[in-house]
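These are the structures, in structure tokens.
Two complexes are shown next, each including chain A; its partner changes from chain B in the first to chain C in the second.
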Partner chain A sequence: MNEFELYNFNPVTPEIVKQLEAIVGEKYVIFDDVESLEQYSKDEVPDPAYRTMPEAVVRPSNKEEIAEIVKLANRENVPLTPRGAGSGLSGGCVPCCKGIVISIDRMNKIIEIDRENMMIVVEPGVVANDINEHLEGTGLFYAGYPMSVETCYIAGNVAENAGGGKAIKYGVTARYVLGLEVVTPTGDIIELGGKLVKNVTGYNLVQLMVGSEGTLGIFTKIILKLIPRPTLQADLLCLFNSSDEAISMVPKIITEGGIIPTSVEFMDKLSVQAGCEYLNESLPYQNCGAMLLISVDGNDAEELEEQYITIGKFCKEGGATEVYVADNSSTSERIWSVRRNIAEAFNLISKRQCNEDIVVPPAQIPEAIMFLEQISKKYGIIIPCFGHAGDGNIHARVTCPEDWSDEKWHDSVPLILGEIYAMLRRTGGMLSGEHGIGHKRKKYMDQVVSPEYLALLKGIKKTFDPNNIMNPGKIFDMV
Partner chain B sequence: MRIVVLIKQVPETKSVKMDEETGTVIREGVESIVNPLDLYAIEAAISLKDQYGGETVAVSMGPPKADICIKEALSMGIDKGVLVSDRAFAGSDTWATSYILGETIKLLGDVDMIICGERATDGDTGQVGPEVAAHLSLPVASYINAIESFNNNSVSLSRQVEQGDEMLDVALPCLLTVVKEVATPRLPTLDGKIRAKAADIQLITADMLKLNPDYIGLKGSPTRVAKIFRPKVTRECELLFAKDDATIHAGVDKLYAFLDSKEAL
Partner chain C sequence: MNEFELYNFNPVTPEIVKQLEAIVGEKYVIFDDVESLEQYSKDEVPDPAYRTMPEAVVRPSNKEEIAEIVKLANRENVPLTPRGAGSGLSGGCVPCCKGIVISIDRMNKIIEIDRENMMIVVEPGVVANDINEHLEGTGLFYAGYPMSVETCYIAGNVAENAGGGKAIKYGVTARYVLGLEVVTPTGDIIELGGKLVKNVTGYNLVQLMVGSEGTLGIFTKIILKLIPRPTLQADLLCLFNSSDEAISMVPKIITEGGIIPTSVEFMDKLSVQAGCEYLNESLPYQNCGAMLLISVDGNDAEELEEQYITIGKFCKEGGATEVYVADNSSTSERIWSVRRNIAEAFNLISKRQCNEDIVVPPAQIPEAIMFLEQISKKYGIIIPCFGHAGDGNIHARVTCPEDWSDEKWHDSVPLILGEIYAMLRRTGGMLSGEHGIGHKRKKYMDQVVSPEYLALLKGIKKTFDPNNIMNPGKIFDMV
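Let's look at the complex of A and B:
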């Protein structure tokens, strides 16, 4: 860490602050106020080691102001870190090189619902959930669904290419981003893509921007594709005796069951217990070795019923000891809240943990889960696993035993992660499925990607951001 | 033992919208669910059956599509479903509804216990349960938070009151309304859903009940809604902010003066 020592950026001086105030108004600049700045020093990564205080925060209201700020940062050689709602899990919005944080929270308007084209145009600070609330009654919906849907901003979803629980059927955020208006790292305002379903006019820079973690520019307008809203959903909560039994069902549900569910979430014994205890949930989880949460959606009640009965029976044949069904919002909420609260439950159990976001080809999921069980036995630690198993993405929380010293923990982490990443190389997996690299995982990049690939990424960064002022120190270091 | 559970279908509260003009609930296009407080009644009935054996019957009065809620009860483990449905019932208030439900229970016959939720989340009156008991001249125990034990003649209950719990022994047959402390509702199972899908729900209509036509529907409902309005919030809120020693003292002084002026100190 200590990225700010790595690069020779200038400090944010009172003169620079004056210029910022001239651009956005005094009210929208935070400087010299530790308490107010503190909330911009972090995201949802629990480890305080990944936090850095910004020197100033600026809250612009339009693209012109952002362009002015970016030009100022280039002139003064001060780093800029774009920030959405701060619900990220890799430190993407943490100003690890200090400098200025640009918060887009004031740019939160829904610009246009274009029903003829089935698209919506939004400002970057719109809360993801609000999009679908706005679309109520139109018969359309936006299918991006990160787990932090109630808080996260759409720009953060695009910058991290957020995935979430429904990716197995609906894909990740990238699939829905058709156009972007971007302030580039040199302060130009450019439009990429548009209201076009097809477009091969030059390189696909829209998709380059998606998942670029705020290192290639700041989004000021986003055009999203909408699809017809499914009116019905049913969820199955399947209880298994062991992780093996549960996880081996995952690839089979689609290949043998012939149905693409909206989501297939896996929760191992530890996750199930943590989630249920946190919620005071009375499900018979005590003797359960693992659970699968499987959802299907559609518009025809009978067809949906047939689908969940098929999948449910299939799980029972595969060893499920009980299958619960939720086909209305009250039971559905009860089932999903177990899954949604696991992360929070573990945050209370231990602060010393590495939240891994590994992804492997979907068929390799059983192999990956069994490997993680071996690793946890070998090192005497716990690795609760939960996540979007259906799409190959697992959140493995390498958690420090209570009786370990900090030294032992810090010495063991690289060894444990090293073994996990070696497994990723063997299975064709990758470091992060949806949380991103940020400054949290960049030191492990060379363990899973080739030097040539990294060199290309750096070349692209250099082209966009010659002075390296836009979210420096993320994904990789430029020195 | 035979236990009847009275359930109601209600609009899912999160998606409910009000008609600003008439002050009534817009029910079109809103998902219908089992009244959440009735789930505790269903669970109480199923657990009693698990412990003591017998039969559980879910009875709901409503339009034909209320069968979805009866099927939900069946998929949780209720044995039999009865839908009380007739155009002649439209507009019934709690009095007329409880009269019709009471007559239904007479028709079913041989009932040891009737369990209801505390109230429904839409009408919020909490009247139907006790009124059914009145129509049937049965003892009623409301706000039950635990069913302690059970024998052929009576049931031992714990009843939530403001000062604590009342312990009651009530003769059977009787009617209980239960609060959520009574049990945690189980989730419907796949086997339950499959069973519910195939189950025949008994339909009971007006002419099967030998009802007094003056006691049902809008005509039989003494309740009159005179006016529906949104209460005005008359409270005024003042926020006091403090960020250092100087401002905190000023804030405390102000708060003290305020509380003093209200003679709260």
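Let's look at the complex of A and C:
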């Protein structure tokens, strides 16, 4: 039974569309237009099975309009799915119960740069990258750096608690969210937190909202903490003969070296190749066995140099065949561009993929990578791996061989994932480090979390959303 | 109506005590012994109005015993109040509904130091300071540093989301809590999070638990993140003629200087004097108008020196009469000791005090301090101020003049606090930055938060604790 059948929602009628038009203006409602609606049916999950056409799309311009739409949805028993840039990887913004998609793309203003408090106040539809562009010259920066930084919206980053390339040093999105204005699933407009770096006035609903995948409300204003922008950065590209060698460097650098790099990105052979091919890049290293992209930043040139020399030395001792240092921004950008585009590159190679986002204790990464290699041999498939090795978070692309039938693929996926998730249970890992559960992983939740935990999540959802109209069918089902 | 009358709890009968004894052993239950029970009736709130005698105290040694006790409390409709070291400042561990106090003092083991993952696993009753003592020689440290670090338990730090002296650079307790084992208010034992630096598998209940003041469960195991211990630290003691001058330095250092100090502690004239007198310290600076204690840490001696020279220069330019540098640990400890003991010093001076824990946007600290000075003049009282100026978090001790009657004091407190809280609303501040709401501040909650927010808190509480037996009467009342 799919979600649409599971819940007894009403269809979006022309009468409801009229009400939507009355709220936001005719121009900002899409209905009865397959071509226009189709782009709201998906995110970056390659498998077409995770697409659903919305019945209508509405594009409000302010919180009052959103509150009205939410009240309408409750009144009419129609599901709402909030949508950012659609760059997610777990189907979080896909309207799996049909109904209305509520797009925040028109709410894209930087409201305030508050230099004295080192904060920025933004609307939800601001592109993540634009934040740092607006901060140019202030000496401040926002530390969030998801790989989709050039397209994703900040509200999506908050809703998914995006991680990204700098989390090992700067933490994930959650650390920077100080305040939220939210339209609740019942249509109230509430303020949570504020321009406060500390606050224990009641339960921490700001942090409950972060990572709640659009199931507990729609963000209409976001207050982010900024930090002084480091003036210097250097990137090291370290080539290894094997994944094992590369990955075993990670805990060494941090614990023995006492260095917290800004980034420690791992790419296996297949990932490097895919990224290079996609960008039509021809780089000397694209045939290496595995690669680490390690960044350090700071304000003191000597200290920075000392750090990258130490890291380089560790890597050489650990079997690196080459260590390149990129200390200028154009070389850095070339290297990072390969890393940022791997996901997209793989999406083009095959639609028959499961993009897993496993997270384990950081020191268990070598064990996890070895296990994935065993699994790929056992099933005769490839599982390219890349990601944020320093955080224990690896993206593993379980990829269907070209000569497999769809049937064989669909029969094998649950077996393969079952083995991977059993490994996660053994190592203290979890299903997702940064992509979220969404629609795609909810059926596997009970393999790693307890029924008591799930019951608490559902209780919280019920408190916020008694009619289950806000992004239903995500993370868990209300049954 | 007090909490005991508000809720229809049953008394703790000798039969219930027998059941408690059967769970933990006779030796670990206190009943019918006023002298022994009395020490569990209070925390560090000086006002005796915030004390309540428990009917019984139970001291379990493991999670299974706690789960049994919780189930018993549900069955018998008797309230439970979890208690750490009793060093709190909002009445959080005071059994305001009578019933059973559950003390975690026997669960005080360091379970594991995991150097590879840079984490430590501890039982809830470990004294915060002991964590870093155990880490001596590992190159790692736990960044939490509440002022009660020598006595407080880590579970209390987590329950209150303790801030402390290093939050400006390292963040508050929340940032370091990666995993929790919790006995829920219904007696289930659940694991939340784990040895994971990133995790978006379901709502972030770890962060919901942090700061929930013992109302959503009892922590039985805590996984904390560690960071590389900086090898160098320097403390600057900067004396000023006035609070204004001192406080206006804070945003300057951070935004203009681009320096995030480890600590920026502010003490006004009265606070410095009280701290010195309490310790019988005779220091050259105890008659200054106000003082900033600023620490910086790192691994590079030159960078550190550059930082404290810059800070010293800013302070001198801003009117500092003296800037002392303490770069050895014994001088540092002497200075910090004064700061850590201010709260205790004031507690001895008068029981008729309100220890406020206001938090405002950091840049609004000068405005808040000026306002408090106006208020103290208006009412003819003193309001010594000290605290974590860098975080926007100030402890303001509203102190009753000796010649006021109790009646005049009790009539004036709501008026004075009403004005202070109105200022908080105007500046975007909140009631508490790190001490919590507890029993003491709940009646003021509706002055700063919305009814919709409070309703969500109550809904969450109901989900976790349908019978309202876990630390009832704290943060809000379930009515």
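One rule holds for everything that comes next: the second predicted complex is superposed on the first by the 470 of 479 C-alpha atoms of A that agree within 3 Å, B and C clash if a C-alpha of one lies under 4 Å from a C-alpha of the other, contacts with A are read in each partner's own complex, and residues count from 1 in each chain.
Throughout what follows, a residue touches a chain if its C-beta (ideal position, glycine included) is under 8 Å from a C-beta of that chain, and two chains touch if they have at least 3 such contacts.
These numbers were taken from a predicted model, which means no experiment stands behind them.
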| item | value |
| --- | --- |
| First, second, both or neither for A:E35, with chain B first and chain C second | first |
| Which of chain B and chain C A:I309 touches, first, second, both or neither | first |
| Chain C versus chain B, contacts on chain A by residue | C |
| Partner chain(s) touched by A:P228 [first = chain B, second = chain C, both, neither] | second |
| Chain B versus chain C as contact partner of A:Y324, first or second or both or neither | first |
| Contacts of A:L348 with chain B and chain C, given as first, second, both or neither | neither |
| Contacts of A:N117 with chain B and chain C, given as first, second, both or neither | second |
| Which superposed partner A:S282 touches (first chain B, second chain C, both, neither) | first |
| First (chain B), second (chain C), both or neither touched by A:A49 | neither |
| In the complex with chain A, residue positions of chain C that touch it | 114-119, 139, 160-161, 163, 167-168, 171-172, 174-175, 184, 188, 190-192, 194-205, 207-208, 210-212, 216, 227-228, 251, 254-255, 258-260, 299-300, 302-303, 359-363, 388, 391-393, 428-437, 445, 448-450, 452-454, 456-457, 459-460, 462-464, 475-476 |
| Residues of chain A touching chain B in the complex | 35, 236-237, 282-283, 305, 308-309, 312-313, 316, 322-331, 334-335 |
| Residues of chain B touching chain A in the complex | 12, 14-15, 31, 33-34, 36, 72, 75, 184, 187-194, 197, 243 |
